[in-house]
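Read through the structures below before going on.
In the two assemblies presented below, subunit A is common to both, partnered first by subunit B and then by subunit C.
Moving on to the complex of A and B:
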């Protein structure tokens, strides 16, 4: 048998399987139902979700977007001056301290304790002005993650691991040469080690250079009584002391200015949780709260696909019956007469059910995601913006997940030859872990474990907003964060499908028809 | 016609648990004739067919179609057309849809599908769901599927099953014409009568092996063993005369002959043919259907012409001399008696 014949034969058998599929109205209708259920439930739940920000106008404040188009938090205290063209800033950080507000023990009496958040950060920054979301690069010391160089909200490079204290201060230097910014650190101000380089997007000639402090809220996660977890974020702030502050380059004699970037104003006009800075004898003390990071507070587009599980069950049923109906009627013999190379015949069946479900998935997600997002926005919900490629990945990934699950179901149908067993098996392997992991039934670790080792791992393809290790948030499956990267999760699902198909081919070859 | 129109089965053995389903099954099906594949239920017909078609694997032996194993055939339906189980249909798929996917699997188009639909007379039902088909219509659809690839070899398992008389006549004509086109046609049945008038050659199986592989004519002659029935009002004289000439004569009683095909030598005209009043003697196209009156003797060892001559010479009256031809059914029962007895028995022998 030649290679070319093998392909031609597979093409013919696939065409035959497609003819088989489309000539049974129930199966075609089943696919249509899967699409409609996914779209219908998704849009229904989207239309039931409303948000408002209160206040007299009930208009939510605009969320700043970073240079990459992602929603960002950009709130910190900035002591800065203008730098024109190339130059550098050098400082010595002598302390990083902080305060955390705990739940009130006595109502109305604030309970604030000293403490430094792990991701409390203070250091030097070069930023394209003071607008929230503007491009920047910053070199910083952190509460518990050593020296970091970060830029444009999502990028993070680790430097030395040591913390900072009066006894062991840390020198930081950020230089600009053209579009490239380079960060250095030093223990003594003479021997410098490079931390990293950054090219913030579209940095103009004149930028703001200076000192900053920020501190994300204090996150506590408590195990809930019935599985799941409750996360709470409390106010925290950080204070850093700098000396040996030196700015080189075109500063044109301007003076230092203080800016509470992204400060929220209360109805009376006062700043809610203000930061601050003092200068005395060459020592700068800067206090800030908030974070300079991609935003995690908002809905994700894939939430519109809540109806997918119902659609998936329908897809599983159709994919299983696509083969078990042949066993039930004895038609499998006719199929194997037409295609006696059984592995190839099974492959053709898998190709067709995968293609059909992929098309159905594209139709379902392609309608649900944009339409559901539109409904959510119209209802006042804030959707974390993602790029068109991510939208495409969510839609195509949903379709791919359906296709892979259909292949798994088909393989189980071939192995078991009974609809009930195969359908139950496929649901137990794919749908059940996903339900258990994303509802607050299991502890978070168990949920993450399920989403790593079961075929439900492929749902990671739907996650539109990544989890950032440098951003404090509770990245639980319940919140839509999967333990595996999208393509890694998909690879797990594909692995199961391929294994099951190989087993089915083996069984089919060995068994008398 | 593509490929060689033969089926060669050689030494097939297959065991299902404790049961030996095939026990050295060997035969060859040749082109240009209809080969009947008969045997009692459980004799291994269907298993053999499934092995030939690559559906079941034999423990031992080979089965070749046109010189090659079925599983190695490219576009197998263009080499072999098979009807195994007419009920094997997706009920919600139309007849045309069923044939269409089969056609697509072999690189054939919708035109060929419409041709075979026409050929089996299903045009008016082609777009109806196969689930609503009668058994006869399903058989026609199954035959259409077998004919789809215009194959040189056809294997049909019990194709007459469920067909109305008109359908039976149609399929007999179809099988004969397919064989006349030079194809090898293997038709299985557990009822020999179904093959009468259709099959040219017979493979009789029992207990998973071939009992007889012979032409239909030869088989009947062998089973008949040259017996002649003689009806006479004077049986004792007749017996004396015939025994003197070396024949073996037994008295069969006075029952009417009930044979479907038999030839009579009686109406030669020159003998003292005595017909008593009121006795019926019906001759129609050389076939005697019902005769009564007088005793019936069964004579073996002498041909019919000689018996007539001897009785005439001795002036023994007789009303009928019939060369007894066994029916296929009788021949079959004779051949398979052992096999059936075996199957009705304890089955102890199967585990040897």
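Moving on to the complex of A and C:
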């Protein structure tokens, strides 16, 4: 018995199983139905999603894109001057305070209290001009996350953990040497510790260097009446005081300029929530709101694949019946007579059902994602842009999830030999956790655990936009953020499928058919 | 009457019937207890609906009821028993009615046990998680009108789910397909309202989804924000079950077995 013979034998058995599959009309029809419900429900939910930006023209303001092509928030108050070539900026931050708007106690009456958001940020920045979305690197103190060095919106490096106060001010220094920016922090202005280095994309010779303050909104989450949770971001702002401001390098002929980057204007022309800066005796006080971060406010492209849950149920039914029907009709005895190596016969069945469902999944997702995205955009929804590789991962991941679920269902069908039990088991393992995690009254932590330890973890393959720990947002499964990384989640699903298949091979070998 | 006795003998002598009923009770109580153990209310104003949490196991237990209901009709088609049944009892409507009556009785009995167990578990567990009178949650009790409505409504809900399962299984004559269909109707339709952002469509889909509308009977708080009232929601489910039974019954009469 050689290895090559084993492969040929598996190929022969797979061909036999493929012949069985394609000649049973119900199963082929089932696959077509799985594709159709996935596409149909996906497009239906996409066309049921409308949004508008209001106003007389109803034109949404363009969302700035970062150097990496991702949608970004880029709103802060910038006190800056031009820096030509290499140089550095050094400041001492003596305080970081702020204001936060809380949920209204009496409707319509604003309740603003003093307080600092955990990710309120202020410090020094070097940026490629004042255009929103331009490349930058910044060194900052934050409300509760210590000193950070961030650049180009998505990158974040932690520095010292200490906060900032009058008694314990913090010195920050950002230097430029060629394309490389380096950040340093210090408690006393003499002993400096390196925080990190950054190479912002395509930084020109002349850049803007200066002080900034920004503050993301205050996040509150409450239980929704119909299940799930409702998150709201309310206005918050941060104010920082700087002194010992020193800029070295080519700053010829420039003075400090103030810019409220990304300020939104109200219909009357006034700035909505303006920032500001004052200078007195070498002390700069800068107030800002908004955030410099990847944007989380928008639809994700995988939202169009919501019909997959229905498609999964159909695939589970077909995969289970693919084996239980053999038991019911007695065909299993013929099958095992033709392929007496039972493990190999089961593998052939798994290969066929996986290949068929993968193909069906590619067809379903390949149609739904581009078409659904088109419908969402036409309805005025903003889709967070992702790269072509991510799009590909969402489509292929959906197909892979279908294939793995089909193998799991097939294995359960082999173990139980009864379609009712196997179908229920597979649905309870894959579909139910996902539904419970996204729509029930379960607390977010319980939902996250469900999506970590059940085969539903594989849904993480569909998440197109990552969660950023340095960005304030409600990263719940309901909002489309899974607790595991895409491939880690898929590995959990695969683990279940492999385990179930091994168990199925074992009982198939031990048991009389 | 003869049909009822015959169906009862069949159902009673199937070992799976007993185990499925037991599983339905056990699963419902376990999931309810787990939900009660997970949810916590650290301070006043946490907006949870305590009786609904205590009865959330019904969402899982109904799956077992669906299996029982589907197998009571689909199983006969799988084994060919249906031909014997119809030879012995040619009045097909009476056969289906007997099946429906027995299923209703059995699931109501099991449902009552499951619901009582769930309420008891929640009554014992919830106060430990901050659901105390100081936070606006009196101890769960069936003497409380809305709680009694939620509990009794859950039993009716389970019985209606069984009838829906029976109707679908009779219509499609195959257990696997019927189970897939019923689970799709229950679980997939229940998430659809959350997938559309348009509020009108969302509420409409919520109203016609058998699971969302049917389980509205468990709500005791924020009733005004529900797209459909508790009893009206149960009527939506009853309409689904009725439509399922009617379709199944008509096809059962018109078609060869």
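In this section, the second predicted complex is superposed on the first by the 501 of 513 C-alpha atoms of A that agree within 3 Å, B and C clash if a C-alpha of one lies under 4 Å from a C-alpha of the other, contacts with A are read in each partner's own complex, and residues count from 1 in each chain.
In this text, contacts are C-beta pairs under 8 Å (C-beta built on N, C-alpha and C of every residue); 3 or more make two chains touch, one makes a residue touch a chain.
If you're wondering where the values come from, they're calculated on a predicted model, not measured in any experiment.
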With the two structures overlaid on subunit A, would subunit B and subunit C clash, or do they fit side by side?
fit
Touch check for A:330: first (subunit B), second (subunit C), both, or neither?
first
Roughly how many degrees, to the nearest 10, is the angle at subunit A when you join its Cα centre to the Cα centres of subunit B and subunit C?
50
Name the contact category of A:338: first (subunit B only), second (subunit C only), both, or neither.
first
Superposition-derived comparison: subunit B or subunit C, residues of subunit A touched
C
Have a look at where A:266 lands relative to subunit B and subunit C in the superposition and call it first, second, both or neither.
neither
Considering only the touch criterion stated at the top, classify A:24 as touching first (subunit B), second (subunit C), both, or neither.
first
Thinking of the overlay built on chain A, is A:48 touched by subunit B (first), by subunit C (second), by both, or by neither?
second
Nearest-approach distance, in Å, of subunit C Cα atoms to those of subunit B in the combined model:
13
If I apply the document's touch criterion, which positions on subunit A are contacted by subunit B in one structure and by subunit C in the other?
26
Which residues of subunit B touch subunit A in their complex?
50, 53-57, 70-71, 73-74, 76-77, 82, 84-85, 87-94, 97-98, 100-102, 104-107, 145
For the complex, give me every residue of subunit A touching subunit B.
1, 5, 8-9, 12-13, 15-20, 23-26, 325-326, 329-331, 333-334, 336-341, 512-513
So in the complex, which bits of subunit A are touching subunit C?
26, 41, 44-45, 48-51, 222-223, 225-228, 303, 306, 309-310, 313-314, 316-317, 320-321, 324, 328, 381, 419-421, 423-424, 427-428, 431-432, 435-436, 438-443, 446, 478
Residue ranges of subunit C touching subunit A (in the complex, touch as defined)
35, 38-40, 46-49, 52-53, 56, 59-60, 63-64, 66-67, 70-71, 74, 78, 175-177, 179-180, 183-184, 187-188, 190-198, 201-202, 206, 212, 222, 225-227
